[in-house]
Each structure stands twice: as C-alpha cells, then as structure tokens.
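Consider the two complexes below, in which chain A is the common component and chain B and chain C are the respective partners.
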Partner chain A sequence: MIADKMTAMLRRPMRAWAAGAGTLLFATLCATLSIPAAGQGERSLERGVKAAFLYKFAGYVEWPAGALPAADAPIVIAVAQEAALADELERIVPGRRIDNHPIVVRRLREGDSLAGIQILFIGAGDRGRTASLVRAAQPHPLLVVTEIDNGLALGSGINFVLHEGRVRFEASPEAVERSGLKLSSRLLSVASNARMGTAQ
Partner chain B sequence: MMPAFGSSVRARVMWVVLSTTFASLLLAGTTLLLYELRNYKATRIAEIQSLANIIARASAPAIAFEDAKAAKENLALLGVRPKINAAAIYKPGGTLFATYSRLPEARPFPVSPGAEGFVIEGMRVRLFQRIVENNEVLGTLYIDALYEPLERLKDYLVILGVVMMAAMALAFAISAWLQGAITEPILDITRVTREVMNRRDFSLRAEKTTQDEIGELAVAFNGMLGEVGQRSSELEVINLSLEHEMNEKREAEEALRQADRRKDEFLATLAHELRNPLAPIRNGLEILRMPNVDATAAARARDMMERQLKQMVRLVDDLLDVSRITTGKLVVARERVELQTVVHNAVETARPFVEARRHTLTIDMPGAPIAIDADATRLAQVVSNLINNAARYTEPGGRIGVSVTQDADTVSICVSDNGIGIARELQSSIFDMFTQVDQSLERRQAGLGVGLTLAKKLVELHGGSIHVDSEGLGKGTRMRVVLPLTSPLPGTSRDLPAVNTGSARGPAPRRILLADDNVDFVNSMGTLLEAMGHEVCVAHDGAEALASAEKFRPDFAFLDIGMPMINGYDLARRLKAMPATAHTVLTAVSGWGQASDRLRATEAGFDNHLVKPVEVDQLESIIVNSPA
Partner chain C sequence: MRSESGMRIEKALKAGFRITAAAVFALCAAQMALAASPPALPVPATENLAELSLEQLGDILVTTVSKREERLLAANAAIFVISAEDIRRSGATTLPEVLRLAPNLDVARADTNTYAISSRGFNTLTANNLLVLIDGRSVYSILFSGVFWEAQQVMLEDVERIEVISGPSTTLWGANAVNGVINVITRSARDTQGLLLAGGGGGRESGGAVRYGGEAAGAHYRVYGRYQDMNNATRQDGPQIRDGAHTVQTGFRADWGALQNGVTVQGDYYQSMIDQVPLARDTSGMNLLARWQHELDNGSRLRLQSYFDRAERDLPTQYHDRIDTWDVELQHALAPRGAHTFIWGGGNRLSRDAFTAGPALSFNPAGRTLRLSNIFAQDSIALPDNFEVTLGAKIEHNSYTGAEFMPNARLTWRPSNGVTMWTALSRALRTPSRLDRDYSTVTLVGNPNYESEVTRVVEAGFRSQATPAFSYTVTVFRNLHDRLRSFEPGTLHLVFDNKIEGTSSGAGIWGNYQAARNWRLTGGAAWQHLSLERKPGSMDPGFGITSAGNDPSHWASLRSLWDITSQHEFDFTVRHVGARPNPAVPAYTAVDMRLGWRISRALEMSLTLRNASEAEHTEWGVATNRAIFERNAFVKLVWRP
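Our next item is the complex of A and B:
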C-alpha cells in the first residue's frame, strides 16, 4: 500500500520534468543510505558518508546572486562542532569542483563570522548551541545542515538522520528559501521526509 | 507489349489510368514507407535517448545519495512506457545499483555496463548512457526497449493499402467519367465500321464529334468509305458489263457450236448429195457400153445421165457460191434488165424439177415490162432457187405460184406453195447457212441448206430483202423477194439487150489451143469444140503448149495457170512474145478468182480470166464475142 502511494506521489514530479516545469511541490524529503551505524568504525564510516553528502549538496543548491561573486569563487563549507568530519571533508574536496567552483573547507569556531560561508554544517552536540547557530545563520545566504533529532524544527535546511542504519537526510525547502537559497527538486526527490508524505 | 487487359479501347484506357495511378501510388507509398522506416529508427532512438536522459538526470541524485530505492522507483516509472522491456543502473564500479523489468521473465541484465550508445538487436534496442553530474560519472543507465519497425510498417501498409484502394476506386470512377470523351468517338467510328461490314452499305458516315485526332480519323474514315463505296459501285458496274459480255460470249460460242454442227451436217449432206448421182451415171455408162443396146434405151440412159450431171453441177455451183459467201467474194454485176424475162428464165430453169414432182405451176406477172438494175443470172438463180425449194418441200401434185407485184418504188416476187410449211420458231433461222428445215434424220427432201442463204445474200446485194411467211407446219410457205424499183424504162422492153442464155448457135470455125494438165478435162473439152466445128490443138503441159503454138498459130488459147514445165503466166508472156502468137486471144483458166489473180493474169498478157470449173458455153462465149 505504502509503496503504491509513494510511486503515485513520485510519478507527479516525473511528469512535471517531462513537461519542463521545475517548480517545487514538495517541502521536505528524506533520503536513506545503506550505511551501517554502529561502533567506532561505523561512526567513522558514517562521517565519511556525511562528508560526501555535504559536498554533493552543493550541486543541488542555488545561491542568490552575490553570494558567489565570481564564476570560480570557492564554495565554502564551514564545519562547526565536528572536527573529524572537517578532516574527512578536506580529504575529499581537493581537486573537485561544482559548477566550476572549487570547494573550500573551513572549521568554524566560537565567534567566527558566518560571512562568506555557503554551506554550514553543525555537528551533533548541545541542542541549545545548535539552535543559536541556526538562528545566527538565518540572515546569511547559506545552507544550514544539521545532524540532530528534529533538526528541521530548529530551522535548519537539511538534517541528517539515521534510518535502518543508513545515513539519510530530511530537507525543508521553506527554511532554505528563507535564507534566499533554493534547493533542487531533484535533491528533494531523494529526501527521506518526502517519502513520508509529510511536509515539515 | 500491351498486357492482355480486355480487347476494347474502353478497357485499355481504364487499364492505362489504373496502372498509372497504381504505379505512382506505389512509388509514393514505397518512398513514404522507406522514409518512415528510416524516420522510425531516428525517432525511436531519439525517444529512447531522451527517455534515458530524463531517467539519468532524475536518477542522478539517487545515485549520488546512494538511494537505491529511489533509483529503483525512478526506473519503475518506465513502466508507463510499455515499449521498455527493462532498465538498470550500474554504479561506476560496474555493480548493479537498481533494476527494472517489465516482465518477470525478462532477459538477464548485462553483467557489466557496455560502451555508451545503442545497439539494435533484432526486435529490441539496447542503450547504455553514462549518468554524469558535475563532471562526475555517477553510473551507467541501461535501457532495453522494443524496436518494432515492422509493427510500424504493418500499420503503414494497412493505411497504404486502404489509401491505394480508395485512390484506385476514385481513379476508376474519374476515368470512367472522363474517358467517354476519348472512347466515345472511337466507339462511334467502330460502330459505323461494323455497320458497314454487316450491311455493306458504304453510304454510312461516322460523325465528327471532336476536333482532335479522332475527329480527323472520322473525316479520313468517311473519305475512305466514300472512295470504297465509289469503287465498289464502279466494280459492280464493271461486273455487270463483264457478266453481259460473258453472256454474249457464251451465246456467240453457242452460235459457233451450232454453226459448226450445221457445217458438219452440211458436209455429211454434201457427201451424200454428191455421191447420189454417181450411181445412176455409172449405170448409164454400163447401159451405153452394152453391145446390143437399142437406141431408145441409150437415149434414156443419156437423158438420165445428163440430169444427174446437171444436179451435180448445180450442187457444186452452190458449193462454190457458199465459199464465195463465206469469203465475202460474192459479187453481182448489175445492169438494167427486164424483170419478167428474169423470172421467166428462172421458171424455165426450175420447170423440169417442178414437172418431175407433178406440181401445178401458175405464174402471174404484170404485162408492162418492169425494169430493174440487177444481175440477171444471179436474180434468176434466186427465183429458181425459191421455186426449187417450193417444189422440194411440197408433196408431189402440189400447187406452186409465182407472182410479181409492183408498188410505188419496190417490186415483189412471191413464190408460194401448199407444202410442208415452216415451223414458226425456225422461220427466223432458215436464212442461216446450212440450216435444214427438215431436221429429222430420215428426211426425204435432202438439200445442202445453202439455197436460202445464197438467195438472201444475193437479194441483199441487189439492195432488196427476202421474207418468209408460213402459217406453220403443213400450212404451206410463201417466200417474198422485195427489190427496189429503178426509174421507169424509157421506151419498151424491145430496147433491152437480150439476156445471154448461152444459146448454141454455131460460131465461125476457129483455131483453138487448149492447155491443161487435167487430161480428161482438156481432151473432152477439145472433143466438144471440134464437134462445134473448130480446129483444136490440145497440150498437157506448158512446154508442149509452147511448142505446139508456134506451128499451130491459134486464134484462141485457153491456158491453165497451174501447169507442169511452164506455168500459165510464163506461157502467156512467151506466147505474146512470139510473132506467130502475138495476136492470139489468151484466156486464163484458174482455180482462183480473186482480183489479185485477175490482175496478175492481165499483167501476164491474158485477155480473159475464167474461174474453174469451166463449161464449154463459157469458152464458146469468149470465142463468139472476141473480134476475129
């Protein structure tokens, strides 16, 4: 039953593409990843997957004009409260480009300015601090990615979740749009909350 | 070669239209089909390619974010396209990431992705497409789709077939409607042709309904019909005249055959008639030869022999006349004579025969003399012939009448009898040569059948005509000779010269030379002349005659032309050359009496010319009439 319903829901955007209309109809979607999440090794594997996802998100986000002044201006991915993931990310990004933009990793510390950042990852940790960071990022044209339960409720654009031991993500296009960004509907199509049929 | 598609022009025109339509439709259809086939391939591949592009793009996030389920769902969306058999997504490493299969028993997926592009394998096309995002190859999309150009072709063939049939039907209808303009005039001409053939009526004409070649054809056809009709009627006329000529020729042939038959009969009769007197003559000779024959018997025998001889002479004379008629040499020497005398002579000639048959002969002539221009001998021959005929064809003891009647400018001599008469159907042909009135085999009244012909010719030579009148068989016959009358004679009949009837008064004795290789003839003639008191010398060839003449010095010489040693002409020249005979009266005696013969005789020096047979009277006449 559920599978039928999901197919039916998915068929609509497919048709929309075929018609050439790329408007967003779905708010929040979740993605599943077949990554086991247990133990230290599993923890590091999970970090690797999240780092790769984080870098790939850049390909499905549209920043407002001015956020990326030059055609080859670097896309800055700032990592807060999770140094290990920053390490992993730094290992991946060299040499990679998204739409001709090189990728730069920045470790965000307390009091660092959020200016010039395109993607802000807030690692799991204190919920209050995460919430304040999300709030602080709100006026900036950047994509906030969290990995906390109910992260979207805090106002983040994308939130990693673990589902059946696999890394997935939820997305909130509204939250992203509030920061002046746009999420690709193609990304939304693999967001896990899209499959739940719940917007937000 | 034209296909055997019906024999009529209508069918042929239809065939042309339909085959043209069919051929052009077939060409157009085939071209369209080929184009469609090629197009199908292009569009099909493009369709699958674009589908692959869409799926690849849609599936890119699923691969990027390792969402196999989403990828599978994406592929499953291909299920709305029934022509997709199966699809799969391979990870960059070549492992299967997601699959879709329309049918459970689908073919196994390739173990590893192939090179990018499509491969057509029979009824399916397999396509590999790299999934690229941000210059990064995320994986490979594999699509196995149906490739059915033949299905497509089938549809098109059905459409083409239907269109073709509809077009043919339309072409048929239009052609049937329009072709009347072409075929009708032709059919019209054909109808006329058939009519002409059937009725042989060349006056029929085809109607010129169009101004095109067919119209010209109609005009030419009419012209030919006219020509043929004219020639045909000309031929008919010629045929008719030919037929007429044929008939005439046939009639002429029949007439010739008849004449030939008559001639044969004539010959048979002639032989018979000539042979008949010979037996009594021989009997007479036998009687005269007997040693103790008494004078009365001898005189009877001589009389009998003389009669028979006269009969023969008459026959031969007739025969000679016949030959003269047939060669056109019968001539009459006309002079003014008294008709009564001529008739009287004729009656006297015929009287012995009339009396022999015990007929009663009455003569009725006007007292006043009637003068006509005629050959007295020939005219007498005609009348005596008629009297002889009347006597012959009347049973003994009959009545024969001779009358002469004078009209304004003609005179008629009628000889009538109460004899056997002449059947009406024969009356027109009795004047034809050799016609025998009595055609039965055992006819009693034999004749040569030339008498009337001769009479008719002679009368015609006198400018007159002869007519027969008989009520029919057994009713008697009336023959009438009509002659033109000349102006009345001045004076009386005493002025007329006496007709020379060959009287045997004795002439003064003369010296006469007779030369002929016919010994009997010349000897008997010599004997006769000597009996008349002349001195005669006889020679039997030219040389002998010449030798005798010099010593004999004859007053008269009668020379045969065809003699041995020296012929008559040469002999005459030599006699004229000799002083002893230079003044001898020379007379040629020949079998030829033509003008050229006479001329030749005159040139040779002859004074007279006699045609055989010669009688002693003729010699006597020359002797008497020549100056001493």
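Our next item is the complex of A and C:
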C-alpha cells in the first residue's frame, strides 16, 4: 500500500513533466511551420541602404588622374559575391550622375578583370575569397568596399558594419591612399571609426 | 504532511504547466497570425534612399535583430539581455532600477537604497543565490554571499549591455550562481570617446555625471565621475524614513588593441553616506582589474583576468567590515575541432575580511582568509540533425567545505534558423558564507559544520524568431533543494543547520515585437511556486521556511517604445508584481512613462514619470513601517558635444 502511494507520487510529477514536454513539442511545431520567411524584408532593406551608400561614396572619392579618362566617363561600381545588391544599385543609378559622370553597375564574376572599375564592392561570403579579391584589387586605382568582420584588416578601404541594427561604415584613409585615391574629410567624419582630430 | 506537500507540489506544477501551455498556445496562434500578415516593416523604395545624406542613411534601422541578438537567439539558456538602448529609454538612474527591465528578475525596493533581487524565488534582502558580476568582477559579499546593492553603482551611459541568466550557471561561474547570473558589461573605451555630461533632478533624487574619453599611449581611455543624492523615503504610516543617501564614484578604463586581442585595465572608487537610525552608514570601495585577451594562430582564444577589490562598510554602533579580494582566472576556448568545441579554465580567489564587532553582532573569528580555487571544462558536441550536447563540470575548492563538484548536461536542438530548444540537468551549490559558519549574536549563531546547500535543476526552454518582427522565449524549470538553511534550537540560542528541503518550479516567458518601424513592444511574465519543508530531525520553529524568501507567485510587464518623430520618443512600462506572503505585501501595478526629446545631435532631454498610475505603492517589508514609493518626476539632460 505504501509502495502504491510512493509509485503514485512518483508518477504524478512525471505526468506534469510530460505535459511540459508536450507543450514544448507543440511550440516547436508551430515555430517550424512559420519560420522560413524570417528576415527577408529586412535583408533587402539592409542591401538597399548599402547600395545607396555605395552610390553616395562615389561623390566623396578623388580618383587619380587617368582613372576617369573623360569628364563624362562613367563611374563603374562592380559588385562581387552579392548579386542582390547589384539589383538594388541598378534601381538607384538610372538618370543619376556624380560630377557629370553617369554610374554603371557591373556584376563581377570569377576571373573577370578589375580594369576600368572605380568602386568594387565585395559581399560578405567566404573570408578567404574576400581576402584574395582585396589583394587582387590593390594595384588598381579603385575603392574597395567590404562587409565583413575586420574588413579593414584585410586591406579594404571602407567596411560596412552593423551597429545596433543600423548600417555604419569604417574607413581606412591609409589603405585608400595606397591605391592612389583620396577620401574626402566629409566622408571620414561620418565613418564610425573617425577619430577626433584626424577627421577634420 | 509529506503527501500533503506532495499534493501541493503536484497541484502547483499542473497549474504552472497549464498556464505555460495556454501561453505557448496563445503565442503560437499569434505567431501564425503574424506569419500570415504582410511584413511588419515597410521597406522604403531603394530609389529614394539615394536622396538621403550619409548620416541619415546611417540612422536607418535595417534590422530588428542585431548580430548579438542573432547569437542570443542561438543561446541555449534562459538569458535576457538589457541593451544600452533599453537602459537609456528606461529613465532609470541606478543599477537595481535598470534590472527591473529583465522579465526573469524579481526586483523589490525596500527603501531608498536597499533592494531584494532574485530570480526563480528565494528573494530576500540578503538573497544569496544570484551571482552578480561587473565587467567580470564578482561583487557578492563573502559575509552572506549576497550583494549590497547600494554599493554597486555604475555609469549607466557607459554600459553596453546587461546579461541576465536565470537558472544554474555554476559550471562556468561557480558556486552561488544557483538561481542565476547578472553580468554587467561596460563599453570598450574605444566606444566611449569624447565628452559626455549628464545631469538630472526630480522629486526623489538628483545627480550628475561627466565622462571624457580620448587616446593616449596607444590606448583608448575614459575617465568618469558621478554623484547622486537620494532623498528620504516616506513611511507608510506617515513619517519620513531616514534613508537619504549621497554617493560619489569615479573610475577609468583603458583598452589597448581589439576586443578579442587586447588588454583592458579599469578601476573604480566609490564612497557613499547613507542615512539611517541612529547614525549614517558609510560604504566605500575600490577595485582595479586587468584583462588580457589573445587569439592564437590556431584559432583558440585565451583570456587572463586578475583583479583586486576592496569593500568597506561602516555602521556606527553596529559593525565595521573591510573585505579585500584578490582574484585571478584563466579561460581557454579552443577552436572548434571536428564536432567538438572545448573550453576550460581555472581560477583562484583570496578574500580576507576584517570584521570589527559592535555590541549586538559579531563574527567568530572576527577576521578570516577564505580561498576559492576552481577548475572547469566544458565540451559542446555537435550531433547530426542540428542537435548539440554540452557536458561540463566544475570542481571548486573552498576553505569551508573543501572540494565541491558541479556538473551540467545540456541538450540543444536548433531545428531551423532562429529556433533553439534546450533542456538541461545541473547540480548547483551554494557554499557556506561567513554568516552560515561564523555568525554570532545573542539569539542566533553560525554553525561550524554548515554544509553547502544543494540544488538539482531540470530546465527546458524554447526560443524563436517567429517572424522578422517577433521573437520570444519560453522557459520552465523544476528545482530539488536539499540542505537549505534551518534554525535549530540549541542550548542558549538558535543555530544554523542544513535541515530544510523542498522543491521549486516555475516558468518564464518574454518576447519582443517590432509592431512598426518606429514602435516596439516588449513584455514578459514569470510564475513560480516554492514548497519547502523541514527534514526529519529538524526542530526549526519555522524560521527556516519563512526566511528563505518572500516571493510573489507571478509578475509581468509590458513595455512600449515609440519614436513619435526622429527627435521625439514616448515610452511607457506597465509592470505588475503579485502579492508577497510573509510579511504580506499587496500586489501592485505601476506605470512608468518617459518622454524623450533629441534637441540636437548632441543634446538630449527626457522627462520620466514614475508610478504614474497610482499615488503610491509598497514593495517590501512589514505593514505601516515600510517605505512607500510615490508618483514622482525626473528630468534629465545629456550632452555629447
């Protein structure tokens, strides 16, 4: 009789736990049913903002003489590893000019030449491939923009970072100057790594 | 008696699970409805983005889930993170008030400076199951293994986030983290450059702070100073309580290199005078901490930290105490190898206290040197189908009870991106404090044989980013407690012993909903039930159970954060705390409101109205002589030139 009581007592909490487990299982079921759409709209906004930044950057860069042969030669923004951002850029550039230069968007594929490009955006992706693209771009008079952790350490000129849900960028005037370009102080003052004194 | 309490446990458990089940069901229904509706965040046309300035582009909120939150979504514990933005918009001026933002904490204000804060029950003014760390420095007092909250002030503008983990974290954090860990993390000096001036005042308090950050000797640094004046509270039966306080604190932090690969040195000094009967008490302290973090070529990470901390309390006519702590700890996180992610570490802490007794209260011996050494290891093993098993254990050696073993096993399943489920088994301990062993008064004395209190914990949780705009967490737990504190009658006085046992169980739920681009809702609730009883042979007249905690069965909160324009914010919080049984404190519902105005890029003004909905309420203590908290306003200005 005591044994019966003991067994009953032992079993009761078990049933409660089974109810808990069932609840969790049900919750997972609901979650897995409705999950896949997560993040879609947001990622495209992030890309849109980055595309707008890329377009704006063109107005704050001085290329060396010869990089833009004619006064109305197009500024070429090449996009590697992130086709969706090229789509966003193509929605921005029609009809817009920067200092009389029209903007052309080019989708960069593996093995394409880097000649004739003014801004190269390398989408987040494989870090090794990003690093080799940045290295390949260094001899060319172009601005390299990345969106990877510690992108400036890889040698890129501007690196996008997400800060509290917002797109910010950090800049390396030294890396940019090595490619013969110059970033305006206006751009540097907005960069999130802008230091007091050096940005003015 | 036993079966009766068994029935009570069972009833409570059933009720708890029914509530959880209902809540989860309601959430699922809401989630399905949300999934079916169009995306909550309107996406502005890309074409128009090009018209914005660089600054405006940088101000667009592109994601409601930050990288940190993404990592958080994958976290397999009941962790809630209070962000810097949450702190700013709370209008809170002290750390305990900020902690009200965590739905997994029960925060009760006893008077102007004294708080009872706990998670998962056992809340008292000397709550001793919660570990609190400020930038990796433990701030609990070895006197009673709890926290003197009035001595823990931080420059809130420089806090990056506060992680609140409920449930046992003893494998990583050591004994005393039985019911949870609060981790206050301040920003790197790199992120607090330039000048900041803050000041404010209102019906209950006034204060000011200044911080300057710059660069020198290859490091980013900041120095800060703050002061705070608190007015006396009013007693429920009318007269003022003498509990006003004046606090000053100053400190610095310097960071060399990057966060993962660099050196941090920081320190603080504080002093406060808190009025009380018969004479004001003085608390003061200082600390100095150095941390070295290094990423090795093989991808593993080393972290070496050491600190010194001094905390002094002077209660004239009662006691004076000074505690010096030296701590050093090493952690080595190996790079993932195959299916294994391994982390191990160890530490050594030396605490020395000098207690000068008053007529009524003393410790025997008056001073002690306590050593705490530990080693721990934890392996996370990736299994097929997105399962993960984490096995860990800590062996901690303390001066009172010798070596103690604290293992933890955790099963995690991440069936899809943004969904994490976990369940864990832990054995957690609270090792004896000076109070348990060495306390000495006329009526009550410590027990030289007091053992560690043992808690075995089963817990489970579920976290989901249900839609881009909505995420939530559900947790349940059940604790089996043994060897809790009892008060056994001795020949002359009561003696502490380990003769209380029991169970506690409960559930927690919280969520975050971005209702519109400029409107965010957060909310949470917790339920808990404790059932304690004397062990066979105990003669405890009842103090053990009544003094274990004065816990509400539930509490809940809802917060709305609304950006009216890009310059104006209107926020409000409604929080409800259930009644406390003994001493009886009625349930209350309080509404706090805040109006924020960004006058320019550098200048921000805010008006906070606390307890807006009611004239007054009480949160803790015995009727008629406890403190009441009345409706009051606070105006604050922050200037970042």
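Assume the second predicted complex is superposed on the first by the 156 of 200 C-alpha atoms of A that agree within 3 Å, B and C clash if a C-alpha of one lies under 4 Å from a C-alpha of the other, contacts with A are read in each partner's own complex, and residues count from 1 in each chain.
Just so it is clear, a contact is a pair of C-beta atoms (placed from the backbone, for glycine too) under 8 Å apart; a residue touches a chain by one contact, two chains touch by 3 or more.
Keep in mind it's a predicted model, so treat the numbers as computed, not measured.
**Student:** Of chain B and chain C, which one touches more of chain A's residues?
**Tutor:** Residues of chain A touched, chain B against chain C: more for C.
**Student:** Once the shared chain is lined up, is A:Ala84 touching chain B (first), chain C (second), both, or neither of them?
**Tutor:** neither
**Student:** By the touch definition at the top of the document, which applies to A:Ala73: first (chain B), second (chain C), both, or neither?
**Tutor:** A:Ala73 contacts neither chain B nor chain C.
**Student:** Scan A:Lys56 for contacts with chain B and chain C and give back first, second, both or neither.
**Tutor:** both
**Student:** Given the touch rule stated above, what does A:Ala124 touch, chain B (first), chain C (second), both, or neither?
**Tutor:** In the superposition, A:Ala124 contacts neither chain B nor chain C.
**Student:** Quick one: is A:Asp99 in contact with chain B, with chain C, with both, or with neither? Answer first, second, both or neither.
**Tutor:** first
**Student:** Per the definitions at the top, what is the overlap between the chain A residues touching chain B and those touching chain C?
**Tutor:** 17, 31-35, 49, 53, 56, 60, 96, 166, 169, 186-187, 190
**Student:** Going by the contact rule at the top, pick out the chain A residues touching chain B in the complex.
**Tutor:** Of all residues in chain A, those touching chain B are 6-7, 10-11, 14, 17-18, 31-35, 49, 53, 56, 59-60, 96-99, 166, 169, 184, 186-187, 189-190.
**Student:** Quick one: in the complex, what on chain B touches chain A?
**Tutor:** Touching chain A from chain B are residues 54, 57-58, 60-62, 64-70, 73-74, 76-77, 80, 133-136.
**Student:** Which residues of chain A touch chain C in their complex?
**Tutor:** Within the complex, chain A touches chain C at residues 5, 9, 12-13, 16-17, 19-24, 26-28, 30-46, 48-49, 51-53, 55-56, 60, 88, 91-92, 96, 150, 162, 164-169, 186-187, 190, 192, 195-196.
**Student:** Enumerate the contact residues on chain C facing chain A in the complex.
**Tutor:** It comes out as residues 3, 6, 9-10, 13-14, 16-17, 20-21, 24-25, 27-28, 31-32, 34-35, 39, 41, 43-47, 49-50, 52, 54-55, 57-67, 83-85, 193-194, 214-215, 258, 415-419, 421, 458, 460, 462, 464-468, 474, 476, 478.
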